[in-house]
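My questions all concern the structure below.
Each chain gets a letter, A, B, C and D, in the order it is written, and its residues are counted from 1.
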């Protein structure tokens, strides 16, 4: 068990009264225990809390007046990511739980139905299981340039496959898309992590369903998954935006910072 | 309360062993009471039941051998659609429950972010509320040709807006898209209904969130909503396919038939 | 006959040796007589001149070293735009010259085949001829917002129709697309003109083939067509870029300026 | 010099009076000499002849009454394709003639600007020249499945790159797109050829500008280029359709047949 400290600062300047829906609170998830959490907004506003219909993501909604809005979210989280063994098997459709099936379906940014040929040719002959999803991540690292500014909010996995450039969100979308094209359920996960170099930003990785459970993969390898704190889980980025804003609002600054408070000791490492 | 009898027949011919995920069972929903239900598949196969992650849709999964597969689903359902008064109000983002917000977001087939201008110009000045969503439906009927064969599985609301032709699914997608562009939460609903003329087929309508509840709208007006039995609810057609099939399978015949068994009596009409 | 003075200044800063293909020289066209013309580039470079395969556009190609590149093009042009009478007729396919037919075909930014329905519904019942193309221009002015920054180099007429916003290039593309959908040949024309307000920029309008000749239309109405000097003519913007650059080059400043030197006198107005 | 006999039969059934524009006559081109040619249409109709604005393609236009229309085109052509040496060099932008530059630009079905990364990574390090274009053809053969029905009239090179399937037209589009992304001018060529197996159909190949001349490449390798008779040349398929029809017309049968009449003798092989 590893203890991480999140300090997320979002600064907005609104030209008019506006509504905000945030999805920045860490997820309630078996792999992470929330020790302390605080969400403060200045000026003081009323917050309404709720969940995404999937039940997986926490939403906080507020209406705020024109002017500056400062969002400060801090949380202390004990993370205990169950590292994969590397032997996790792919399951046949017959073996998969019904609930995992919708994560094989094509979604807004992950048009898996249009990459069946290329997925089959590139990964179809590889041994099935954890190693095959690893091979997908490796292919993405080898073939897609990580570069800020090469993609935008409407960029899909198809675009990334053609353009060969993108950021963490695009890497995750392409990984998901290849998995689904091979009938491996896969989904999009956003979270907090630290980066080797600034600027701090939210991170996006993906999960594939192998050996009866969801396993995290980071095609970017920008940071160890042991230091990743989950925020949102969904079919793709369309369900997991960290903020949805109704009104003319600028965001001059964001800083979702993460620090390691405590490394796991031997004792902590043992999971019950 | 109105009693309806559903007899849905789906005939498949599989060139190989294949997996099937059906979403044809009527929804568990406050507006409809399931009196009796039977799902039979010939030859006899094992069925696994589950739900879509949204909790709204019932899925049945099976693995079946090469050859013919006959799916027979019959259900008796008492439907009690609470007719709208026509006075239902639009709610501000501030008033909306958090859970309704994701149904304002753009989704795969409903790219509401790209029709803000046209929605604003066409419907922006109209009085808000039920009548405005009715005006959207009327506009769709006036401007979109209902014609089988003019759209396909990848057709989006954007395409429909340009091509000006489609089927029930496309009419619903466009209605949803305009609503969302006006900040009215809206979602996609599939169901059983009877049609004035053959062939029988599944139907698609949409729901807008007005006056604190979801209200059904059918831009096609092909059949009264009092005779509509809900199957699936989702952000758009990407989450509500009646069948997902893994394998080379043909469907030579489908017949999702609906009959009215019993009209509501005075007594039934009173809702508690 | 009206005399206009063009002074076009393009300033580049190249991070490396680069190649430039300019299409900024005024067209050789019956409606305009080139009185004087000068193209200077600093530092001194070799220029190769040629034409687009269509024969309609003049291209100048150069290779220039790293650093600043200043392009100065000035021209004095006598323009004599034969104002339409307003009675020009549409021609049937049978009546049209073969050479005009390719301008009915769908092209990169003008996907006329996908707007047949909307074109037919909106303009199909109007009296044919000049007035119908005028009605198209009026519809565009009424329904599309002219706003810099709402479109980009890959925006097509379809996008403009959905987004309802764009600049002169987009207005022209949409006008062309509607015309072609109605079997009226139409093409894209770039040129110099003065604007009521800065910044100076190249302009784009379109031409429809009516009554046996090409007639200019400006859906933006930003400036009188009598003060428009033609540069390039093509199926759409894909064939008429004012500059194509091979290499990492910035353009900190552009100023395609136009001044009226001399208004037409009575005598000049008579055309032989 | 090789003598080929073309017998092209197109049978139409028109539900109404309709207009037809054909681009089926062999091109006037230095590599082929037209010995005899006849275009007959039954019932007898008036034909108007002309050229595409590029001057490269011959168009024949007619108006015909409702009912059957039989188009019979036969031609005897002496073809003398100057086989490439394999040593043809790529030219720099500086060296290229101005007229070749527009064939580097992105076009409707060949969006070269969106495959720069993948073209650079796959072919960027290869030795420049004829061998590099050959490598592009080989890559296409290795990675794209040739299969009728996998693409349609709106399929672009981008789609082919993602879907990894297509027909001759798509193979040519992708070849062109990769060439342009590497700054090699490339264009689309349609023609007559014989196929090893039925059904007979028009063929599409592409041309790359190397060593100061256009050189043919057939990424499908379905037939030797020595037996290819050119019809149309353009930026892509948008400019070279063999027939454009205005009206409700079916084409129950087409048969563009080619036979070798005479193999080149030693004497003929010598070109002056």
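Here is the rule we go by: contacts are C-beta pairs under 8 Å (C-beta built on N, C-alpha and C of every residue); 3 or more make two chains touch, one makes a residue touch a chain.
This structure is a prediction, so every number in the text was calculated from the model and none was measured.
Q: Chain D and chain C are one sequence twice: same or different residues at the contact, by the over-half rule?
A: same
Q: Just how far, in Å, is the C-alpha centre of chain D from the one of chain C?
A: 30
Q: Rounded to the nearest whole Å, what is the centre-to-centre distance of chain A and chain D, using the mean of the C-alpha atoms as each centre?
A: For chain A versus chain D, the centre distance works out to 47 Å.
Q: Of all the residues in chain D, which ones touch at least 2 other chains?
A: none
Q: Which of line, ring, star, complete or other matches the graph of chains that touch?
A: ring
Q: What chain pairs are in touch here?
A: Listed by label, chains in contact pair as A-B, A-D, B-C, C-D.
Q: For chain A, which residues count as touching chain D in their complex?
A: 114-115, 117-118, 121, 143, 145, 158-159, 161-165
Q: Spell out the part of chain A that touches chain B in their complex, as residue ranges.
A: Residues 19, 21, 48-56, 59-61, 63, 92-94, 96-99, 101-102, 104-108, 183, 238-239, 241, 244, 246 of chain A touch chain B in their complex.
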